[in-house]
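So, here come the structures, one by one.
Common to both upcoming complexes is chain A, partnered first by chain B, then by chain C.
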Partner chain A sequence: MQPLLSIRDLSLEFNTFDGTYQAIDRVSLELNPGEALGLVGETGCGKSVLTRAAFGLVPSPPARITSGSVLFQGREILGLSPREQRAMRGRDVALIFQDPMTFINPVFKVGTQLVDAIRAQQLGKVTRKAARDIALNMLDKVQLPNPVRQFESYPHQLSGGMRQRVLIAMALTAEPKLLIADEPTTALDVTIQAQILDLIERLVQDMGISLIMISHDLGVVSQVCSRVAVMYAGQIVEDAPVAQIFDSPAHPYTKGLLAAVPHPFRPEDRLDGIPGSLPNLYNPHTGCRFAERCPLAINRCVEARVAQTFVGPQHMVACTACEGAQIDA
Partner chain B sequence: MRESSPSVPMLELENLRVHFPTKSAVVRAVDDISLKLYPGEILGLVGESGSGKSTVGKAALRLIDSTDGKIKINGSDITKASGKELKSVRTKAQLIFQDPHSSLNPRMTIGKIVAEPLLIHSRQRGSELAETVSKLLGRVGLPRQFLHRYPHELSGGQKQRVAIARALSVDPDMLILDEPTSALDVSVQAQILEFLKELHDERQRMTSLFISHNLAVVRFLCHRIAVMYLGRIVEEGPVEQVFSNPQHPYTKALLSAVPLPQAERNAGRIHLQGDLPSPVNVPTGCAFHPRCPQAEAGKCDSETPHWVTVGQSRARCHFAGEDLGPDFGGDVE
Partner chain C sequence: MGQLIFRRLVFMIFMLIGLMAIVFAISNIAPGDPARLAAGPDATNEMVERLRVERGLDKPIIIRFGVYLSNLAVGDLGTSLHTRRAVVDDLARYFPATLELVLFSIAFAVLLGVPLGMAGAAFQNKIPDHSIRFLAVSGVALPMFWLGLMLQWYLSLELDLFPLGGRLGIMTPRPETVTGMLTVDSLLSGNFDTFRESVWHLVLPSLALSLPALASIIRVNRAEMLETLNKDYILNARAQGIGPLRIVTTYALKNAILPTLAMIGLRFGWMLGGTVLVEGVFDYPGVGLYATKAAVSSDFEPIIAVTLVLGASFMLVNLLIDLTYALLDPRVRSQI
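Showing the complex of A and B:
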């Protein structure tokens, strides 16, 4: 099966006044059609930049892609012209973000924006009337209460959960192949978050869309995704099916993340934070970027590039300590 | 957990109401809340955005004026206190906010920020003051060199430690923590939570009101929990009991909505319909009835429920204490 999206050896740096910030370091990631992948990591690990850079959404300069390739449906998309990239976004790939208010224009009615988005996605081949019907149909699918009335509302008249539904509707009307959801529920309350997660999961399955869900919350990702890739400081340190990430995490950073999260139904005496802080990415060494905070680190971790090891079926880990556990994959 | 000693509560709220009049209507942010915090206790106040939990925290220290009700700190009524009296209250109780970036003055050095409360509340000056400040920084695990740095040079977790050092500078008996870890990454959140736990272990009288929307964090840190919905407390009790045997349907729904950090998905998630109603137009009867899966017409929409005591906790629901529906707390220990 040909992967829908294949990122190979992608590196990206930002030119700043302080020097070159090496945000993404030789990242490889594959996504099969219909798969739901969670991309997890803490602030500044590069999870948002990675997905945006792949689809030409990181302005260059200051960003510069220094190596790698991105294949979407088998086609190289890194060198595409802005015009071609624009045509791809919205139709083949759709994005939704954390704070819906930032991505909806506050001075236009919800309906107007939906209609405009649909007409842009269809390259102007639908009439306003037809676009309105598509939009109302989609609002119904995302279970927005009173779609006809909300069509005439301004964004500020909607609650956070309703705005996120509108954004999801806008993203999915073109029936894209891939949906990238960047922390879609972080700004929402837990009960609303549960509604939105269920909605995303159901729509993605019904419409056969592949999903990349970016989140800092392993709990959120486990609700929707079947596979999780863990990022740290611009590198992917572990990539495995959800069950393996939770039941047999292999990378010390993944273990640290899991030990840091309190469980709502399990009494715990202590939480283990991860000591130290993010490394300086202006002049990083070539090895594992977690080495400075890692309890298992040895000299070799920082000296050479860490190889990818498969420690289980589809379970990749980039850790020197795991190199002995390689299985035949 | 800790026995509620016969001592005087550190914080007592009696029928507290905070209403904000607007041009067209009255926003009932806090509506008839009574709470007692005993010395040594950590009470988690949880609820969704707009439930009024932060308003309770601010009103408890008189940063917002209450409309009705009484506020007592360590036995003394401060509801009408002014000037000098309020100044002494601030040495007993301190607030820590969610976003340390906006609660620290960007134009002051860390040293000055931490020293400011001491300049107001103590007679320490000069080298004595400098000594205290560097001790406070050490207390929260920050190196001395930070004294001369500015907030923008620090990470989020470090800034929150500075905010805690500033709060601890006047040696308070009570902390009101308003979502202190919500802006932080989980690994940093774990460090701050561990620190707060140690602080309570060291100082027996330290009392905290921990305001949060994160139930897992409350489960870890707090002894008791109070759940707010639309300006009212709907359930209150020891953390273990409320989490294992919630009585109010809203508490049940909240608990079932928490995404669990585990491979198995939540079993029996309860779906709440719609959003939080506006506190301008609070539903009649039980405020939760329009979203409640168990609401009974003719009862829940007209009669305000009273407190029902179940074990050591109590809930404001007509059906509390009766066995209703599947007990989804059971399958997760």
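Showing the complex of A and C:
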């Protein structure tokens, strides 16, 4: 089966006043049609930049893609012109973002923004009237109460959950092949979080959309995704089916993350944090960026690029300590 | 909404009284004896004293201010010493000319400044941006009276493209006065030649008057546009595949224009004051020139009246700006 999205050896740096910041380091990632992948990692590890850069949404300058390729349905999309990239966005790939408060334009009516988005996604081939019908139908699908009235509302008249529903509707009207959900529930309170997650999961399944769910919440990812890729400081350190990540994490960073999740029945237990802090990415070494905080680190970890090891079916880990556990994948 | 306008208008009355008190006090501190100037250099001391009593100039300042305000309430702004007409009649004659000039200038500054600021932000640090910034910096740096003189010298005397000054040629018949603004009146009377001529006369003074405003509108709008283009909702619009032209001219502009509006309101006030210089250079018969002539002859009543009218215009324009805010931003609208 041809993967829907295939990112190979993608590196990206930001040219800043302080020097070159190497945000993404030789990242490879594949997504099959219909698959739901979770991309986890702490704030600033490059999750959002990676997915945005693949679709031309990171302004350049200051960003610069230094190597790699991104294939979408087998077609290279990194070198596309801005116009071609724009035609892909909304139609082939849709994004929903973290904070529904700031990602919706405050001075235009909800309906106006929806109609505009729909017309852009259909490359101007639908009338405003037709786009309005599509929008209302979609607002109904995302279970926004009283869609006709909300259509005429301004964003500040809607609650956070309602706005996120509007943004989901906006993203999915063209039935894209891929949805990138960039921490879509982080800014919402817990009861709304569950509703929005359910909604995304259901829509993605009904419409046959592949999903990349970016999150720093392993619980969220385990609920929605079948596979998880763990990122640390611009590198992918482990990539495996959800069950294996939880049952037999291989990378020391993944183990550290899981040890930091509170246990629901033993809340009095102390949580184990990961000692140390994020590395400086202005002049990183070529090896594993977790090495400085890793209990298992040896010299070889920082001297050269760490090879990918398969320690189980579809279970990839980039760790020197795991090299002995290689299986024939 | 109606309540807000009413409240602001009532508040305006008090601000205007305060403004007049300040100008009244300053004109009394300023050197020069109004009675002596009114009587003329040949008058005897008795004539001067008689005039002083006649005009109430011997009374204490607070009494005179009270008298001034009560006269104002019935529409009497006093008499000009140098034109020998009622100040109200002078204002009716000169203020429309100034208003016409300022409206022309602000329209020019806004219609050119907003798109240029937008273009500067859209092409940040590229050639269009640098050229626009050059224009903006020169606009702030050049004093408008000097610019006015240079425009007169080059475009009028050297190239003979525009008239040197005034509002219409000497031989051109004036259109019937309706608003006092020649462009409007000539259109109302269907006289297109006069209309063209009056517009022609407005070009140079408007250019001189609007360049500083143009420059600051460009700078503020460019900075606001740059900030807005980095907002999350712009990223979302781009993620939907909405084109760059629509993003800049609609999605970003409607947000970025709000702070620019405040600048436009302030610049309107500067322009009203700037007419004193520009009308002098272009011999344009408006209140600026009128106030200048009054000032050199220690003719205080016109000066106070001009201050009153310009102050009131400035306040009205800013009220209008605040209402425009509400029109553009639904969040502001829901608060009033």
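As a working rule, the second predicted complex is superposed on the first by the 325 of 329 C-alpha atoms of A that agree within 3 Å, B and C clash if a C-alpha of one lies under 4 Å from a C-alpha of the other, contacts with A are read in each partner's own complex, and residues count from 1 in each chain.
Just so we're on the same page, contacts are C-beta pairs under 8 Å (C-beta built on N, C-alpha and C of every residue); 3 or more make two chains touch, one makes a residue touch a chain.
If you're wondering where the values come from, they're calculated on a predicted model, not measured in any experiment.
Asker: Identify whether chain B and chain C fit side by side or clash on chain A in the overlaid structures.
Answerer: fit
Asker: In the superposed arrangement, does A:Ser277 touch chain B (first), chain C (second), both or neither?
Answerer: first
Asker: Going by the touch definition up top, name the partner, chain B or chain C, that contacts more of chain A.
Answerer: Answer, by number of touched residues of chain A: B.
Asker: Here's one for you: vertex at chain A, rays to chain B and chain C, all C-alpha centres; what's the angle to the nearest 10 degrees?
Answerer: Angle at the centre of chain A: 80 degrees.
Asker: For A:Arg89, decide between first (touching chain B), second (touching chain C), both and neither.
Answerer: In the superposition, A:Arg89 touches chain C alone.
Asker: Based on the superposed arrangement, let me know which partner A:Phe108 touches: chain B (first), chain C (second), both, or neither?
Answerer: second
Asker: Of the two partner chains, chain B (first) and chain C (second), which one does A:Asp140 touch, if any: first, second, both, or neither?
Answerer: Neither chain B nor chain C is touched by A:Asp140.
Asker: First (chain B), second (chain C), both or neither: which does A:Tyr154 touch?
Answerer: Second partner only, chain C.
Asker: To be precise, I mean the smallest distance between any C-alpha of chain B and any C-alpha of chain C in the superposed model; what is it in Å?
Answerer: Shortest inter-chain C-alpha distance (chain B to chain C): 10 Å.
Asker: Take the contacts of chain A with chain B and those with chain C, and give the residues found in both.
Answerer: Touching chain B in the first complex and chain C in the second, no residue of chain A appears in both lists.
Asker: Can you check the complex and tell me which residues of chain C touch chain A?
Answerer: 231-233, 235-244, 246, 251, 254-255, 328-331, 334
Asker: What residues on chain A touch chain C, complex-wise?
Answerer: 55, 57, 82, 86-91, 94-95, 97, 99, 102-108, 113, 116-117, 120-121, 154, 156-157, 167, 170-171
Asker: For the complex, give me every residue of chain A touching chain B.
Answerer: Residues of chain A touching chain B: 42-43, 145, 159, 161-162, 189-195, 197-198, 216-220, 222-223, 242-243, 245-247, 256-268, 270-274, 277.
Asker: For the complex, which residues does chain B have touching chain A?
Answerer: 48-49, 155-157, 185-191, 193-194, 197, 213, 215-217, 219-220, 240, 243-244, 253-263, 265-266, 269, 271-272, 274-276, 329, 332-333
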